[in-house]
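Read through the structures below before going on.
What follows is a pair of complexes built around chain A, which joins chain B in one and chain C in the other.
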Partner chain A sequence: MKDVTKNACHLCAPLGASLVYKGIQNCVSVLHGSQGCATYIRRYLIGHFREPIDIASSSFTEHTAVFGGQENMIQSIINVINTYSPDVIGVATTCLSETIGDDISMILKEFHKRRGESKTPVILYTSTPSYRGTHVTGFFKTLHDVINQTAIQTEPVDRMINIFSGLFSPAEIRSLKEIAASFSLKTILFPDYSDTLDGGNWNQYHPIPPGGTPIQIINNCGNAQASIDFSFCQKDEISAGQSLFGKFGIPSYRTAYPIGIELCDTFYDTLATLSGMEIPKQFMRERERLIDGYVDAHKYLYGKRAVVFGDENLVFSVSIFLAEIGIDVVCAATGGPKDSLIGLKTKEAFARTDILEDCDYEDVEEWVIHNRADILVGSSRGNKIARNAEIPLIRCGFPIHDRVGAARQNFIGYKGTHNLFDQITNALIEQRQNSMSINYGTM
Partner chain B sequence: MENRALLKERENHILIKESDQTQISCEKPTLAGAVSQRACVFCGSRVVLYPIADAVHLVHGPVGCAAYTWDIRGSLSSGPELHRLSFSTDLSEQEVIHGGEKKLTAALNKLITTYRPKAAFVYSTCIIGIIGDDVDAICKKISNVYGIPVIPVDSVGFQGTKKDGYAAACNALFKIIGTEPVTNIPVCSINILGEFNLAGEAWIIKEYYQKIGITIVSTLTGDGRIDEISRAHGASLNIVQCSGSMMQLAKLMKEKYGTPFLRVSYFGIEDVALSLYNVADFFSDYPEIKENAKKLVYEEITSRSKELDLYKKKLAGKKAAIYVGEAFKAFSLIKSLRSLGMKVVLAGSQTGNTEDYETLRELCDPGTIIIDDANPAELSRFIIEKEADLFIGGVKERPMAMKLGIGFCDHNHERQIPLAGFEGNLNFAKEIASSLCSPVWRFTKKQSGGTK
Partner chain C sequence: MIEDKDKVMSKNNEAVHTEIKEEILSKFPPKVARKRDKSYVINEPGTGQAIQANIRTVPGIITQRGCTYAGCKGVVLGPTRDIVNITHGPIGCGFYSWLTRRNQTLPEKETDENYMAYCFSTDMQDENIVFGGEKKLKTAIQEAYDLFHPKAIAIFSTCPVGLIGDDVHAVSREMKEKFGDCNVFGFSCEGYRGVSQSAGHHIANNQIFKHVVGTDDTIKTDKKFRINLLGEYNIGGDSFELERIFERLGVELVATYSGNSTIDSIANSHTADLNLVMCHRSINYMAEMMQTKYGIPWMKINFIGAKASAKSLRKMALYFEDAKLSEEVEKLISEELAVVEDEVAEIKKRTAGKTAMLFVGGSRAHHYQELFKELDMKILAAGYEFAHRDDYEGRDVLPSIKVDADSRNIEELKVEKDPDRYKERIEQSKLDNLKKKDPEVENYIGMMSEMEAGTLIIDDISHYESEQLIKKYRPDIFCAGIKEKYAIQKSGVPLKQLHSYDYGGPYAGFKGAVNFYKDIDRMVNTSIWSLIVPPWEKEAEINADYISA
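Take a look at the complex of A and B:
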């Protein structure tokens, strides 16, 4: 354990929870704690998605902190109902409410009792103190809890699967849905914030931005034939797929973010198996093009040294992809918990990689200062490191606060990988071109 | 007007100039579930102290509070940049249970030996208010070991609002002031309070004062340095810009050191000029200062008036909505928008007090909506109802305004373009024009006539 965290490489758990709740149709989240947490989280998310994001807080005061948060919680739910008329309210705890020991299920019971017959939205809740997890674990924990609280099994639906998404961009979510649809599968993708966090300009005012998975559809998750679950680097106890397997025996495919040929193959093969279909031609064409791209550009890449950092799942997949194209992943770093990158540690290709877990950006910066790197791949928070080291930073993951288009970035699937591949290759080419004394017009 | 707030408890926080004679309700804790744009006590302290660039700022608590405030403010430094790093004790569950004192001690030792700062600020956040670490005792101990001020900032998030955070920051600053001897400080000398050097604004202001013959002892806290702050009590006058945050410090200094203070603002031609004149008048024994000020104002205005006129033509008649953290800024914005020929249809703040809102009421045109501690639902509703063309606020309000198809100008602490002083005034006009005059609005649909 380090003495002090400098420039943390992870955010706090309720941010992950808020993101999941943004994936439910007509849902507003309420963070149980002080006002600041909710406002800071909003600001941070808005900086990335550039969309309106309303997150309510139960706004603790001194009195609440001493006597418990029940009344504030109840009042905030009522005020959210009156302001937004939501179908769903997603409650997440914060460090504060957890520390004073508020029991949300008890509070909700009391709320329902007082509410009586009045029309009341579905209220979901999760426990997300940040001293127990990061925004990534908070995301998967909330996803798990929502499924756990809502999925019911009635009649299994033929050719229907669940896709439990990861911290993907809205564009990536759209692409996952399209891919699954091409296999003639009915898919429940959750959480689906592809519209709520990447919407059009409005023709009319929307208290809650349109989009998201309707709660009735989430209920139906219990009737799927299988789950594809992207909580690959997470512990079993916060895997939604695992939970449905335990409850209803629905097989769960824990899948790594599909980046690179190898990991994409696994993903598309899983879809082929689940659908009983061959992989559609269009994807095979994309795959061929990607391999052709690898070949065309391999000489620009061989032996280049990359540092990858961010969400453990992303770091895992991006590292495997980079190794696949001949780039040495010299350092793979995450703010995620110890052992979250165990999957890399056991792979031959990363025997010489420095794998940093539970690290902060200062650790990454130190690493880059004392070792040599040619390129960084990670969030925009690596900007300072890249600037000081004078090497390119390929922005991917969360947050991207210094560029537009974070919501439209698509780096998954064969096509998305190709996109990432071109960005990395071109950044390295540009670096080389700029460093040459002669102005070469062909590279 | 009936039902102008969506929530009953919020009714009295909103008034319309002229039709409402009642006093606005303000300085209240935020209503639970209302989606306030406010942050917390910690936020207040952090924004005030943050620009001090040669101190370490250690946030004691779980990681979030520090992570979200890492380098989000455009406060520039001409030297050290310690303030741009985010330090957290990042408490784990075990530490929350057994106390974080050990971790805090270790963190301070580590930071002070690594960075050799001139001081350290330790911000207590919500969890500390619950687990009750003896932060004061630890700070004292560490301070004795290293011989630098190690100052606890009592910024527990739930113990009040942002305003209380300002007060905690002022108390922290007050502990530093007076710790160094003051010799060789000229009579015509001031401290600049409530100026945070966003996008280098403090430098612009300082230059004005230097040009007219006034010495600056310290800036609190833009481009701030501990040793300057320690000598702040040697100045003859405090000039206070962001009064919401710094008035308390001015009052404390007046009490203890007898330093008088003046309220000023550097936004908009009218207010900048007035501020310079008022300060010059204070030093009336030195009439050359006033002469210099007049000259400076004349030159600064005339050298830009042609360009400014171009923007005025483009902006005349447009309607703006303003929502800011501190009410003082709204006063200046209303005046400067008016001088650009624009109209303000909504003006609000997160933390204004009764007096502030009275001033706002006087400044605003009839029909203007005045709002305290607003939320996105209310703001959206009034933007539409009042058919605003432009919103002036911060990042949190930006996407809301744009979704509704209206222009936006960032006047919050993240801005990278200086908007203070005479050149800032021109930048401000440019900024607004670059949003309002963009051809993209042709493709969007501006809404009108209410939300229901």
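Take a look at the complex of A and C:
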């Protein structure tokens, strides 16, 4: 761990928590700490999704920091109940409340005691100090904690599975739901922020944007036959699927983000196994088209040098996809913790790849300056590197603050992969076209 | 429920406002409602109304406000390009304050130092919280020094730092002594220190005053008129436009606090002869301290709005009592205003009579009213996010503001005349004379006295309250920040961001005013809004309720 981080390639854990809570129907999240945390995180998420995102704060002052945050937390919850009438309140801690040692479960106990018989929403909580992990681990930890606190097993439901989502875009979540439905499976997808973070305009005023997984449905996760869990690069202790396996013996399929033929095949095969159905024809057609696309464009791609950076799960899958289409992943970098890309290290295709973990954007830029790259794939924070190196940046992951449409980006499944494939190929063609002295109209 | 705009705009708006206010506040528990009630005023200029401001945010009501760290690092010091700013704390705070306010900077030469694109953080981990982070901070400072050899390194504390007892000031002193050629100073700007980012502004002013101002006495030019511009942060290039204007007038801008600034200019800024104050809230401390220590008078000016800009320039010319400068100022104003008036005449046809609300900042909600007035638009309501009572009611109210526990947390520097550097810039009698003629010489009259009677003023508005205002009043445009933007626009009302300018600008000065007119025209008159209600609903006026499934 170095002492000064320059242009970090990760954000803090409560941001991940806030994102998970946006995937619950009629839920408002409350961050326990200084109000700057809620304000900053709202600013960052809203800039990416371009949708309203309300996050309350217990607004610590110096007094609270010295005497503890119980009263502020209780007051926050009451005010949120009165102004938003939520079904669920999602509490996440911050470095401030964790440093002074506030115990949320004790505070909630006190709250319920005082509340007595009054109608009270479900209150979920997670511990996400910024000094532990990243926004990605914060996301998976919160997902895990929500499932751990809510899932109950009553009567197993036939043909019902859980999909524990990753840091996908709303469009990708919609696509996952459609794919699962094509296998005639009943699916509980959580967290589902596909509507809350990519909604339409309103003819009617909504205190909380419509959408999200209802809490009663999340409770039902304990009755599923299996879980598909996208926490592939994460530790077992923050895997929701693993937790349900431990508690109720529900088998969990830890799955990488389905990008590229190999990883999509695994995902669709899992669905086929779980449903007892063959892979529906429409997906096989999409697969055929994707391979046909690979064939048509291989001449633009073979031997090109790509640098991939961002959230470890995304870097893992995108790297495998790039290798599959003949691009050399010369550097795969993540701000995630040490060993989060261990899955790549063990693969032959990445024997010559520089794998940077716990790195920052300056490390990536240094790498690009000293080595040669043709294309970058990662968040819009890589813009500086791309601009200096005069190479294209394909924006994917979080945050994307300099383009519209982050919520509509779909890079998963055979069809989604094809989008990503076309973007990468066209960026390389454009780069080549612009560098030629003659303006060729055919490339 | 009142949704008839004409009714709201009618003479009887006090009753209407009161009814709406009561409906909004009825959602809060009685204690909270009573507290929020004091932050609502139906304006009656000249009657000495008081508004509650700069008090703790009610926990759980979703506030626009940020934290002390944000005010210190993000606002006041972010725009100075050649200080290496290191955030001491876990990663979030540093990342979130990384080039987000879109303060621009333009080094004279490409090789000049510019660290604006960098975000340095000690990225504290578990073990630093347990065992202390001073060692890590020291190595981080050393690493930054070895890498860039900058003139200055500033350390910003985030929440855990104060709690675990890291002494950023001691570490800074030690490293400064060690380097010898690099000014290192720290800020105790932990997020919880104050009730909003305002506390951070004060902390930043103090430390810059202590550690930087007055450290370089050389006067580098022989320009006759030397001024500083305080509280101008170069959002969207505002400072560039103002630099253009001062350059044309032959006025030397010694330092801007802190848009497009360098640490050297701030070190030298005590040699200027006049301080012009833009954002009173964030920088009035500096103006006062420089007056006491160095004898530099200050005046409140406003370069947002073409007419306001003209007025501000005349005010400056009056201070310098120079016929040639006055002549130059008049010449510039007549040339620039001619262009502005041509543009606004055309746009006004489409904006006249439309309504606006502004809930932003600690000065902006006031300043931007000028531009809307120039477009013949009407202000329905306004309020600040983190201002104090003096920004609403004027500085006359200062002696009567009670110092509460939260304000007492922030150090008040004891400032005295500098025996060597204090210099009377203007005879006291002349200054008194100026003050008689202009209430905003070494004074600020606040927002309320300049707003019409019957307008609604609300401090620290919450998200819920702003949504209610939209529902009740349906203004033609709402001005706030990105956090409010998409919620308001969902209801079919455009939101203009006045923190980041929606990545447009500049809006200051004369060219800026024209940019603003065009942007507002585009926002309130785009054809998009006509698509919000589908044709079949327009006819039938179906009113379906959303039922949560």
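Following the convention adopted for this analysis, the second predicted complex is superposed on the first by the 443 of 443 C-alpha atoms of A that agree within 3 Å, B and C clash if a C-alpha of one lies under 4 Å from a C-alpha of the other, contacts with A are read in each partner's own complex, and residues count from 1 in each chain.
Definition applied: a contact is a pair of C-beta atoms (placed from the backbone, for glycine too) under 8 Å apart; a residue touches a chain by one contact, two chains touch by 3 or more.
Note that the structure is predicted; figures quoted are calculated from it, not measured.
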item	value
Partners on chain A (chain B, chain C) - clash or fit	clash
Which superposed partner A:P210 touches (first chain B, second chain C, both, neither)	second
Touched partner set for A:P129, first chain B, second chain C, both or neither	both
Chain B versus chain C as contact partner of A:N26, first or second or both or neither	second
Which of chain B and chain C A:N82 touches, first, second, both or neither	both
First (chain B), second (chain C), both or neither touched by A:T99	both
Which of chain B and chain C A:P280 touches, first, second, both or neither	neither
Partner chain(s) touched by A:G326 [first = chain B, second = chain C, both, neither]	neither
Touched partner set for A:I41, first chain B, second chain C, both or neither	both
On chain A, positions contacted by chain B and by chain C	1, 3-8, 10-12, 14-15, 30, 33-44, 46-47, 50-62, 64-65, 72-73, 75-80, 82-84, 95-96, 99-100, 129-132, 199, 201-205, 207, 362
Residues on chain A engaged by chain C in the complex (per definition of touch)	1-8, 10-15, 25-26, 30, 33-44, 46-47, 50-65, 72-73, 75-80, 82-84, 87, 94-96, 99-100, 129-132, 134, 199, 201-207, 210, 214, 362, 384
Footprint of chain A on chain C - complex, ascending	27-29, 32, 56-70, 86, 89-98, 100, 117-126, 128-129, 136, 139-140, 143-144, 158-160, 162-164, 190-197, 405-406, 409, 462-464, 467, 471, 481-483, 485-487, 489-492, 532-533, 537, 543-546, 548-549
Touching residues (chain side chain A, partner chain B) in the complex	1, 3-8, 10-12, 14-15, 30, 33-44, 46-47, 49-62, 64-65, 72-73, 75-80, 82-84, 95-96, 99-100, 129-132, 199, 201-205, 207, 209, 362, 381
Of all residues in chain B, those that touch chain A in their complex	6-7, 9, 29-43, 58, 61-70, 72, 85-93, 95-96, 103, 106-107, 109-111, 126-127, 129-131, 157-161, 375-377, 380-381, 384, 395-396, 398-400, 402-405, 443-445, 447, 451
